[in-house]
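Contents: one structure, followed by commentary.
First chain written, first letter: the chains are A, B, C, D, E and F, and each begins at residue 1.
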Amino acid sequence: MSPALIAALPFIGALLPGLLIRSGRDVAAVACAAATAVALLGLGLHIPAIMAGEVITARFAWLPSLGLNVHFRIDGLALLFGILILGIGLLIIAYARHYLSRRDPAGVFYTYLMLFQGAMLGIVLSDNILLLLVFWELTSLSSFLLIGYWKHLPEGRQGARMALTVTGMGGLAMIAGMLILGNIAGSFDISDILASRDAVQASPYYLPALLLILLGAFTKSAQFPFHFWLPHAMAAPTPVSAYLHSATMVKAGLFLMARLWPVLSGTPEWFYIVATTGLVTMVLAAWIALFRDDLKSLLAFSTVSHLGLITMLLGFGTKAAAVAAVFHIINHATFKAALFMTAGIIDHEAGTRSIARLGGLRRLMPVTFVIGTIAALSMAGIPPLNGFLSKELMLEQASQADWQGHPGLIFAMATLGAVFSVGYSLRFVWQVFFGPVREDYPQRPHDPGFGLWFAPAVLAVLVVLIGLFPNAMAGWLVAAAASAVTGTAQHPHLALWHGVTPALIASVVALAGGVVLLALNRRLLAARAAIAWPEAKALFDATTRAATCAAGFLTDRLTNGSMSRAFAALTLTVVLCGFWAFSTGGWQGATRPMLPIQPVPLVGWVLLMVATCCMVAFHRQRILALVLVGIIGLMVSVSFIYLSAPDLALTQISVEVVTVILLLLALNFLPKFTMIESRDRKRAADAFIATLAGLGFAALAYVVMRSDFAFPSISQYMLANSYRLGGGDNVVNVILVDFRGYDTFGEITVLGIAALTIFALTETLLAGTSGRRLRNWVHDSRRAGDRHPLMLVVVTRLVLPIALVVGLYIFLRGHNMPGGGFVAGLVVSVALVSQYMASGFAWAQERQKINYHALIGAGVIAAGLTGIGAWFAGLPFLSSAYGYVKLPGLEEFELASAMGFDLGVFLCVLGAVMLALNSLSRIARAAGGTTNLDPMDIDPSKEARR
Amino acid sequence: MIGYALLFAYGCFGLALLFCLYRVVFAPGLSDRVLALDTMAINMIALLTLFGIDKGTTMYFEASLMFAMVGFISTVAYAKFVLRGDIIE
Amino acid sequence: MIAEIIVSVLLVLGGFFGLVGSYGLVKLPDPMTRLHAPTKSATLGVGAVLIASLIWFPARHGVLTWHELLITLFLFLTAPVTGYFIAKAHMHLGWSRDELPRPAPGKDWATFCDPDKESFVDRQARD
Amino acid sequence: MELLLSSAIGMLTAAGVYLILRRRSFAVVLGMTMLSYAINLFLFSTGRLVVNAPPVLREGAAAYTDPLPQALVLTAIVISFGMTAVVAMMALGAFIEGGDDRVDMPAADRLPGGSLSAKRMSGDGDA
Amino acid sequence: MIRRLFPHPWLSLALVLVWMGLVNRWAVGSLVFAAIIGLVVPLVTAPYWPGANGYRAPHRIPAYFMMVLWDIARANFTVARIVLFMPRRALQPAWIAVPLDLRHPEAITALAATITLTPGTVSCDLSEDGRALLVHAMHAPDPDAVLDEIKTRYEARLKEIFE
Amino acid sequence: MSHLIIAPVVLPAVIGPLIILWMRHDLLLQRVFSTAATAALAGVALYLNLLAAGGEVQVYRLGNWAAPFGIVLMLDRLAALLLLLTALLALAVQLYAIGSGWDRKGRHFHALWQFQLMGICGAFLTGDAFNLFVFFEILLIASYGLMIHGGGEMRLRAGVQYIAYNLAGSTLFLAALGVLYAVTGTLNMADMALRVAQMPAEDTALLRAGAVLLMLVFAIKAALVPLHFWLPSTYANAPGPVAALFAIMTKVGVYGIIRFFTLVFPQDAVTQSVVADLLLPAALFTLAIGQVGILGTRHLGRLAAFAAIGSVGTLMIAVAQFTPQGTAAAVYYLVHSTLAAGALFLIMDMIGARRGDLWLRSDRAMPDHGLVAALYFVAAIAIVGMPPFSGFIGKLLVMQASGTAPAMVWIWATILITSLVAIYAMSRAGSIVLWKGAALGPASTPAPPAAGGPKLEPDESIQDLGDAPANWLAIASVMLLLSGIVALTAWAGPAMRLAEATAAQLHDPAAYVAAVLDGQEGTK
């Protein structure tokens, strides 16, 4: 079976519970078990080849340019882990079927479990370190889901987050480490990396890569000081603890160290970092385990301790140590999974995992007692169980290790660790199973059904069998795996008796010490309780809380919703960056002469400057500020005229008046005055920023005006061809409707959208709570009588038609003289506004219904259709290819096709402006307005007629 | 001669603009400012016409016409705002 | 030459009245009086300049333009309304009804009318 | 002339920036208007300054000013008008809905209940 | 029919003239176009000008117009003198309530406009029944004389024209 | 020359007005036409991708004017890809808006939607600097309308800020264009590139100023620190589907930087240091601020917004390399982060609809959570860049692309450390809202507000969303987006080949310039 298929099977299995969601948990369990079993079978089929030294591979390209590929390999190491993952997985699936209660969503559980299984299997089968990373992080994610499976448990949620954060951190570090490693080796394929030991170890990036990768491995394998997450992961359902946190996931770190052992090990850095970490972890965790009251917590710390043991062995860097490590991986998986399941059974049956509340279960749960005791004694390293074998190997290796010229140090520490190990193992057996039967168990315990004890029983049998027949039962697997780890063929001889060696002596010492510890247990517990130990969870919580608070503080203070700050940041950034960019470049100095300053423009300048200053000074008096805006707009328009831009002046002044009307409509509701809110210091700072911006922009403008074009402008072409190709004398208009008609098309769309937005907002306002608020609006100032004065009404009767005629004139003349559709649209809008001002919107609207929505739509479509029309001539959008039509006998205007476009502009502008004004005035009308029946309030002729 | 006359007229209307500005800045009430703004627009029309005579072009006619219209509408709008708050009712 | 003289005179005249109008805006004591000044620059000041232009273009450039006349007429059409509105604004902001003569016993000027007590038929806005 | 125009641009910019840094939406809208004047003048000035040479083709004209920036400014004027209209309307809407015309987001945008005292509630309830 | 086509014939004429003035070209084509405008635009705006009425003596409008022009020119000098030379204290502004005989809105507007255009007086407001016009005089030592001039010189003629 | 090149602009530009003209009172008709138009847009975009796949840059000369004088549309691989991305995102999100009933909560939703697409597509297509400004404005103004869709005080306030800030950005855009025109005398981007390359070394000050201003403009749109302040409130207060569509909006800024600083101001131009010295630090800070914000905020909408900021940071790190490898990584990550951010915003909206508000508080029940939780999980994994989804691949690509950069240590450290922060933050938010909320059960009611604080009202407009009909459509649309991420992951190889081809095309501007300026027979 292809390694890829083996790796994929658990994921396929993960889909099954979801697909079979209605079929119940038996079906889900069977489906998952089947997938697992098939994968295990597939793996087993490769055993002969692997024993023959072959490496089974499967290669698929995924992202070749990065070097991320779906490359799998099965060698001895992968085989070992694969068997562990799938084999124990199978047992766990069976166990979980009986462990989970009816209320637990079993399908979800099995999906998560299979996801994890797939991720874990992916790690061990990967032949690409980037692919390995993918699976690596997937195990973190699936373990997050599994730990948090019981959502209602706060410990579950917190433990899940902690595990994810810690292992996630390691995973992230590993990303960097793997990338460095791959870049040194020139490939991300493990096969290639394993072959480039010398290059890697010679590289200056070796140490960073090593540290980063080890950070990943240590966090995953709960090595000191990252060990704290594992006990908190025990909030997970026990099958999860047994599977992830004893047999498989926590061994991912060990797997990685073993996998990269040929490349990374053998250096002093490796030895001191890995071996020391392992040693410290082993001893420390074992010590802590001595005192745990929660069964699963005890087991968790013992797991940490054993992981430390294996880490230490790998850290020694010798082949014999590697063999010992591999063997202990197997043994630990068997007895620890069995122990977890036992703990789960006890929890399940007795309703508690607290050692203090247990005891005497030997009589009530004999089967459980047998299984648990075998496993625990193996953990303690009692012959002839398998734990003894590998512990002997470990002690043997430890006795040979030398730490900074202190030969016995490691051995002594390892023995101490073994003492503790025996201590907590015996404590587990003694305090749970022995002693008198109690009356106060939360529920009356008894042995569970076959389904629940079957899985641990299998493991317990394995514990015994491996212990008795190590070579037959596990020797081949150890050999294959150790060969793969060390890169050379290994034929270890596993035996119970090696003669009286330092290791044996140490074992005896450990056993004796353990018994003493058990005897002293109560006193030790009391002593330990008296001392305040730093609680890792508290530290983690404090750290994350501090980080969260700091992040919250930073985020809230930085992004505090102050627009002023946002603008200040923007302005300063622009000014500083602009200044920097300019000053680091070269400027040749002014190349254009200055225009002389005439007196009248000087007056205009004075007007503009003074008006602007006043505007800033008086901006709190809002209406006055608006009047000043009017003056400034007037001056800007006039300067456009003076500087040869009549079209601009027309547009500016007509936009100006519409803007003022619009703002007046808005100001009707807004406060008429602004309070002084900023402190003097803020105002000064703002003034400083504003001055800086002003100076910067003025300087930029000055430099631009005094410099010549570096290249001839494209507008020369436009001047030359405006009439010949565009059919108009007014080059600006020809640019607008022809050369750059597409811009104008966009521009009228903007205007149309603006109006639609305003309309939509008005509708929303009038429909919602503010509609009610508006209907009860009280105007804050006294209002004069005579809303529709006679004189205005009468004059408008003349002004409106005249303005319409002017609008038509400006529209038609636009192509050759200043003007065009845009200005015409504004003129007509202004004319209509004057009508509305005279007699009121509703009155006027009632007499001449103009659908402004339709005008906008029609305008955009007209402009668009003029553009599309060119398609039928085989020309691009907006080609004005029709030439000119002179209307005979009428006004002699040249009707270029661009005029159709200009008509669209006209309609859209008219519709947009009127829709916007209409919307705003609707708000006013909602606020207690009335509709008049007559055009003017006072009409003496009415009485005369009557 | 026409040159001097133009210069004189330029000066007069330029000065007139400054007077208007004075009234905009130092005014007891809003209506005075609106008045000054209206006058400014009218003076601008005069200046534009002078500019046209000076440069011999009729190019600025549309602008003058617009100034006249805009001056009217905006003055009415400001005044109506002062009187009624709502300028289109 | 004659045209030039006429045009020059008109320009001087226009400039003079334009200046006087705006000067009045500065000089005259109260808002109501000031209102008178600019209506003058609107009429004779700008009017004279526009008529100068009306004469100047055919005389000098040989093109007759009626544009200036249109602007003049437009100003004549609208200036009374602007004056009227500014006056009303003045009254509304700065005058009480007791300072003004009554139009008739029991009657009031439109600006001072109670806007809620209108003499004509109204109906509530429908939307 | 260049000095006059560039200083005017600077003045308008400074005024605009100062007003935008205020805390009320109306001032911000005014500031936007100022800023758009400044930018329109600047964009216009990139065609460099020429007096009395509008880009309208006619007999015997010696030179024309650069028409392209004018077309660009026209587009810019129109667009900024649309934007100003929308922002004014939105400011009005916010005022009617919220009762004041501050531009800053209230604390309730960031913090549940709008105050830091509510932090406990929003924190990790597991703790 | 004619009435419906030309709701405001005088407006149509005015618009024809405005168009001809705008295009500034006295060609037949322009005139035809102007005629179309004169026809269409008043039709479009007619709803805003309900209840149109014919004027009694429109032929007197030009004479009235010339008279007003003359008055404007004359009064300008008077006002210039006041503005330039009269000390502030000597100024005697006055509010004058002008009772109106005119009833037609157009006529009242024309009177108010005339008053405003002639320097020295500004028409400020209408009474709530529309039967009196409030006029402000800049310098009127004798308000009754001003009132009298308005009534006889302008209102009477306007009444002839409009009513 | 295919007229379909302009179809992505003309199609929505015609449908939008048609909706206004004839369908403005009939929501069903609007939905049908608008969705059909978006689907058609996706089809056109697909065709354009095939057209661009040949490697040749396609030019569309508007008005039949010769190149530097008229406006041209340019279709290259990048433009085509972004068009397709826009159309697909828009289609999915639009279905969500319909399914969740958001489009009923105000007027003109669909018209504005079409105009929004018009603006975005136009911006991606144009080859003219000023025209880019115009289409920026179209997409902005439509976004203003969409942002305040449904109204409400907070939304309007945020809208005012959003507009005001972007108006300042538009002003800056004009200033930059003015300077560039004043120096080069042209607006056509290809022509400008040609002229910039010939710029004498002693006359570079204005050009550099123009380049830096232009970069800042795009940085505003992309929400690069310190120009990002507008984004959190805007996105958090925008209607969910609108915020989801906005996922492409920040990318428009990124697009601008990629386009201008590979074409007009390439690395060897006189403007080189302008980008090199500013962009990378800004990108790093953006990433940090964004990811820290995920942890720091107490509102799920803002959380998604900060996630979007963070993803822009990562993206800009890749862009700032200005190497073909970096650009290719950027293109890949751009597609990923758009889909992921879009999905995240929609999921947040779904959560809000079920819980009543989006505050990150543990006393709110989260009814009906299973599927939503799964979707959240996937989107969160994608956005923080954990395996197996494209975010992880993108992160690897970005890190690998910056592996030889001088600031490599800074870049990697920032990416990895902020990833950790984001992972923790997302898991925290998810476990509080979804797990704790689910444990609370549907029956529990929200706790009374804390003493002293103002009354916390659940957002009315969101509240009634939960029982909106056709919610399956909403869920399906989120799944559509997430399946895009899955596809991007599964077919990472082909996707990356496309990205590399795109990057290669971008880093060879000569072909682009030649396509515009050479061989212009038959034009005016």
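In this text, a contact is a pair of C-beta atoms (placed from the backbone, for glycine too) under 8 Å apart; a residue touches a chain by one contact, two chains touch by 3 or more.
Keep in mind that this is a model prediction, so the values were computed, not measured.
Graph distance from subunit B to subunit C, where chains that touch are one step apart, equals 1.
Looking at subunit C and subunit D, the chains in contact with each of them are A, B.
When each chain is reduced to the average of its Cα atoms, A sits farthest from subunit C.
Interface comparison, C-E versus B-D: the higher count of C-beta contacts falls to C-E. Among the chains present, the centre nearest to the common Cα mean is that of F.
Comparing the centres of all chains, each the average of its CA atoms, the largest separation from subunit F belongs to E. Between subunit B and subunit E the centroid-to-centroid distance comes to 22 Å (mean Cα coordinates, whole Å). In this assembly, the C-alpha centroid of subunit D lies 43 Å from the C-alpha centroid of subunit E.
If you average the Cα atoms of subunit C and of subunit F, the two centres end up 55 Å apart.
Once the centre of each chain is set as its mean CA position, subunit E and subunit F turn out to be 61 Å apart. Residues of subunit F found to touch two or more other chains are 130, 134, 137, 141, 144-145, 148, 151-152, 156, 161, 164, 168, 175, 178-179, 181-182, 187, 233, 297-298, 428, 431-432, 436. Each of residues 10-11, 13, 15, 17, 30, 34, 59, 65, 69, 72, 76, 78, 80, 82-84 in subunit B touches at least two other chains. Residue positions of subunit C touching 2 or more other chains, listed in rising order: 16, 21, 23, 35, 65, 67, 70, 74, 77-78, 80-81, 84-85, 88, 90, 92, 110-111, 113, 115, 119. Pairs of chains that satisfy the touch definition comprise A-B, A-C, A-D, A-E, A-F, B-C, B-D, C-E, D-F.
Contact residues of subunit A toward subunit B in the complex are 599-600, 603-604, 606-607, 610-611, 614, 623-624, 626-628, 630-631, 634, 637-638, 641-642, 646, 649-650, 653-654, 656-657, 660-661, 664-665, 667-668, 779, 781, 783-784, 786-787, 792, 799, 803, 806, 810, 813, 817-819, 823, 827, 830, 833-834, 836-837, 840-841, 917, 921, 924-925, 929. Residues 11, 14-15, 18-19, 22-23, 27-30, 32-33, 36-37, 41-42, 44-45, 47-50, 100, 102-106, 108-109, 112-113, 123, 125-131 of subunit E touch subunit A in their complex. Contact residues on subunit B toward subunit C in their complex (touch as defined above): 1-2, 4-6, 8-13, 15-17, 19-20, 22-23, 28-32, 34-36, 38-39, 42-43, 45-46, 49-50, 52-53, 56, 58, 61, 64-65, 68-69, 71-72, 75-76, 78-80, 82-84. Subunit A contributes residues 766, 783-787, 789, 791-792, 795, 798-799, 802, 842, 922, 925-926, 929-934, 937-938 to its touches with subunit C in the complex. If you check the complex, the residues on subunit B that touch subunit A are 10-11, 13-15, 17-18, 21, 24-25, 30, 33-34, 37, 40-41, 44, 47-48, 51, 59-60, 62-63, 65-67, 69-70, 72-74, 76-78, 80-89.
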